C-alpha cells in the first residue's frame, strides 16, 4: 500500500507573489487614514488581501500600516496608484509610504564565517521556495563553506579579514555589494562591522546574536550563560546599528537547558534556535512585515 | 532601600473600554469593503484603533473583519453609524455585521463542578480587571465552591444533577439564565449538556476540554494520554455544539510530560494548561476577537 | 448522561510522602560512591525510589546526588542509616550529605506586597495538596491581602516598611521567623532585604524576579523590556544573596509578546509567568530537588 | 576589531564516547539493585558518569535503569564486567541487561522519499558530530536527493516502489540492510512497511509522523488539521510496529498556527517541527537513552 502522496514540502513555496504589491504607511495617527487608503485601492480595482495596522497611541501617536493587495497588470498600474497615494496620504495626511511590487524578490547578500548552521538553513529554505528573495552572493572570511554554497548555484566570495584593520576587507565588501543587494544578512558572521561600513552599504543589515538580548551582549554569550547558570538560552535577530547588539530587535526565541549542559552543549542547542530565529526574521523582512520605528520594530507576522 | 514601586498588576485592567466600539463584518470577499467601512467611520469622525481582516480566499472567498474604533459620545452616535453601515455594507455588499459598544461588558454565567482551578482563575482575573465581563452567576452541581465564589461577591447557585435524566436540572439552569447572560463558560463542568438545552440557551457556550483535541475525545483524557504514552498533554477551549468535543476550537496549548508522570501528575500539570487556555478564550470572546465560521474560528488575538 | 467522574485535581496531592526520605550527597567525584550509597540503603532494606546524579567533570569534578528511598518505620531507622552513611560517605569518601524525612513538611514564610498573583497561586496550590510544605505565615508590608490569606487559615502579619531605614521592620520579621521556618519565599515582595537580615535568617530565601535574568536587573523590568523592544518577556526564581538579582537561578520561563503590548500588558502577561515559575521553584525546593553549587543550582526536576 | 572566536558549532561533537559504556537494566523492581550494579562497576574500577532510573511502581513495579560509566581499556574489560553482571543481576535478581561499548557507533539506514527536510537535517547534524552514529546508507523510492546525499559521502540507493505490491522493493531493502544496520530511520518515507518486512529487518525502526499523535492518524494529517481548525500542529517520532502510527512514542513537539495558515503553510511550519523531533529521537536512540516498555518508552533525555 502506498500512502496517498501529499505534495513534498517544497511544492508549496512562499514565493514572490505575482500580481501582489505591499503598501507600508507610517506617520502621525489621525482619523480617516484607512478610508483614504481603501478608497485609492478600491478606485483602482485592487483587492485588499491583508491589512494590519498599529498605532502606539490612538490619541496622536504614531501610525503604522501594512496592506497587501492584488490587481491584474499590477506592474502597469503601480505608478498611477503611487501618484494617487501621494496625493491622498503624503499631501493630505502628511504620511510616508512605500509601495513595492511583491513579484520582484529582494536581493540579499549573506555574510558567514566558519559555522554553517544559519547559512545552510537559509540556503535550504531558499531552495525549497520558503524565502521570497534572490540570494545574490555569500561572502565569508573563511573558505570552508565555498563548495557547499556553490552547490546551490550561488556565488561565494572569500574575503579574508584578520588583524585589527578591517578597511581593506570592507572596501572589498562594498565593491561586491554596490548596486547588487537590497539587504544583508549576517549569518553568524564573526567580525564586527565598522560604523562607516554600515553607513556606506545603505541597506538594512540583519544580524543573529547568539543570546537572548539584552542578556549577554558581546562575545562568548554561551560561556557567559553557563557562568550565570541560566535555565533557558536564546537567540536574537536584530537590525545592525553602530551600537553593538543594541539595534532594533526583530525576533527572539529560547530553548530550555539544564545544569548538565556544558558550554559546548549550550552552543549546539543554541544553534537550533539561532537558525530558526534568523530564518523567521529574513522571511518577515523580505515580505515587508517588519517596520522600523526608532529602536523598535513593528512586526506584522 | 525601597524598590521604586511599580503599580501592582491589578492596576492595569483590560476593562470595558469607554467610548470604544467593535464592528465585526462577515461575508463574501470583494473589492472595496475596507474603503466602505473606513469611509462610514471616517464620516462620523471615528478613529480606527485597530483593524484586522482575513479572507480565506482572495478570489471569491469568505471575508472577516474586526474593527475597533473610538468616538466621543459613542452611545449616542452608534445608531446612526449602524444605519449608515446597513446602507453601505448590508445593502451594497451583502455583508453581515455586528456593532457593539465595548463600554458595556458582556454578562457571563460560569458552570463548574468540584475542580476549582479554572473557576478560581476566572474569578481572580475578573477581580483584577483582566476580563471585561460581568460574571452574573456561578452554577454548580456540587456545593463545594459556594463560599469561595460568594467571597468574590458573585451569586452561587447549587443545582444538583445526578442520574441519567438531566431535564429537571436543565430546566432550573434555563430559569436562572433566561435574559441574564450573553454567554456561558463551562469551567470543568462535568455534565454533558443536552442538545435541547444548548439550543434553548441561545447564547454561545465555551467549554474547556482537558486534552489536545481531536486527541482523546470524551471522558478520562489524562488516563488515555498515560495509556498512549504521549510526551505532551494539552487543553482545548471550544464552542459547544451538539457533537461532544467537536465544536469550533478557540484556543489550545500543551505542556511537556515524561514517562515518570503518573495519571494524577498529568492531571495536575494539565490543570495549569486548562486554566490558561480557558482564560485566554474567555478574554478573546468577551472582546469580540473570535469569529465563528462553520466549525472553525477566526481569532484576532 | 454524566461523564464518568475523574477525581478532581486536588484529590491527587504531591503531599509529604509517608515512609520516604531524601538523601542529598555532595563532594568530589570518585569511583564507588553509588555502590557505597546503594549498599548502605540496601543493608537497611530501603528501596530506592528515584536516584539522580550529576558530576560536573567525571575526572575529579564535583559530584551531586539525590536519592529518594522508602522504608517501613523510617523515622525509627533514619538515625542508624545516618550513622552508617557517616561512616561510608563522610569518612571514607569525604562527602557531605543530608538526610531528610519526607513525611515532615518544610515550614515556609511567604513575604508579599500589594500584588497578589504569586501569593494566591501558592495558597491555592498548597490547599490542593500540590506543595508539600506547611505555610507558617504570610508577612506583608501592605494590609491588602490580609482577609484573603486568613480565609486559607494561614496567619497574616502586617509589617509596614516605609522610609529608608528598614531595621525596625527587619527586626520584627526576625522575631516572627525565628525558629518557625525552614525557608522563605518572596512572592513579589517589593522591598530589598539587607545583607544583615539575609545572614541572620539563616534559611534559604527564594525570590521571583519579574524578568529573564540577567536581562533587566533591578526595578521596573517591564518598562525596561518595553523600552528595549524585546519579543519575549520572562521571570526568574532564584535564591537571594546580598547581590541584588545575582543569586543562583532555580527556574526561568518566558512568554511571547509583540510591539502592540503596552508596559501594562507586559506586566499582566508576565504575571502569569511569574506565578508559574515561582510555584515550580517552591515545589522543587520543598522536595529537595534543588542543590546549590556556588552561584549555580543543580535541579533534579 | 575581531570578535574573540568561539569554536564553530561543529567543534563540539556529541561523538561516540571513547572509554565509555552504557548499561541498560530492566526487570521487576526490588531492594538492592542499585547497590549490586554499583558494586560490580566499582569492583572493576569503573566511574559512573551518569545514572538514571525509573520504577513504574516502587511496590513490585517494573524497573528501568541507564548507567553510563567510564573505564580505561574498556574494550578489554567489558567481557568480565558482563560476566559479573550476569551473576549479580541476571541470576540473583532476575533482571535483563544490555551492555554496550559507546565508542562503537550504531549503524543506521535512512529511508526517504521526495521531501528532504528531515533527511538533510540528519545528514548535516551527523557531519557536525551531533549524531554518534554511522550512516550506512540512504534508501529512497525517488532519485531526487541522490546527488545531495552522495555529497555527504554516504551511499544512496534508489529502490522504486510503486503499485500495491511492495514485495520486490522490500526484498531489495532487506538485501541492502542485512547485517549492515543496527536501526532504521524513516525520514518522511511515504511508503507503508509490511508487517513481514518489519519482522524480518529485526532492528528498531524509527518513524516521524507529521502530526501530534494520536490526533490525525494516517495520511494527510495537515489537511485534516486544517479541516478540524486546530491552533497547534505537531510531529511525533515513534517506533514502528505493525499497527500504523500506533507504535511507542519517543518524542513529540508542536508549533502554534492560526486560522490564516493554509494547509501548505501548516505543512511548511510542520516541517520544522518534524526535523527537530526526529533528530532528537535519533540522537536519544543512538545513545541508548530510550527504553521500550510495551507500547511506551522511558526516555532518559
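Observations on the structure shown:
Letters A, B, C and D mark the chains in the order given here, with residues in each chain numbered from 1 onward.
In this section, a residue touches a chain if its C-beta (ideal position, glycine included) is under 8 Å from a C-beta of that chain, and two chains touch if they have at least 3 such contacts.
This structure is a prediction, so every number in the text was calculated from the model and none was measured.
Matching the C-alpha atoms of chain B with those of chain D calls for a turn of 180 degrees, to the nearest 5. Counting C-beta pairs in contact across A-D and across A-C shows that the higher total falls to A-D.
Look at the CA centroids: the one farthest from the centroid of chain D belongs to B. With centres set at the average Cα position, the gap from chain A to chain C is 42 Å. Averaged Cα coordinates give chain A a centre that lies 35 Å from the centre of chain D.
Within chain C, residues 54 each touch two or more of the remaining chains.
Viewed as a contact network, the protein chains are fully connected, with every chain touching every other. Residues of chain D that touch chain A in their complex: 1-12, 14, 113-117, 120, 124, 128, 130, 151, 161-164, 166, 190-192, 219-220, 222-223, 264-265, 267-268, 271-272, 276.
By the touch rule above, chain C contacts chain D in their complex via residues 29-39, 41-42, 45-55, 58, 70.
Of all residues in chain B, only 54, 212-216, 228-232, 234, 248-254, 258-260, 293, 295-299 touch chain D in the complex they form.
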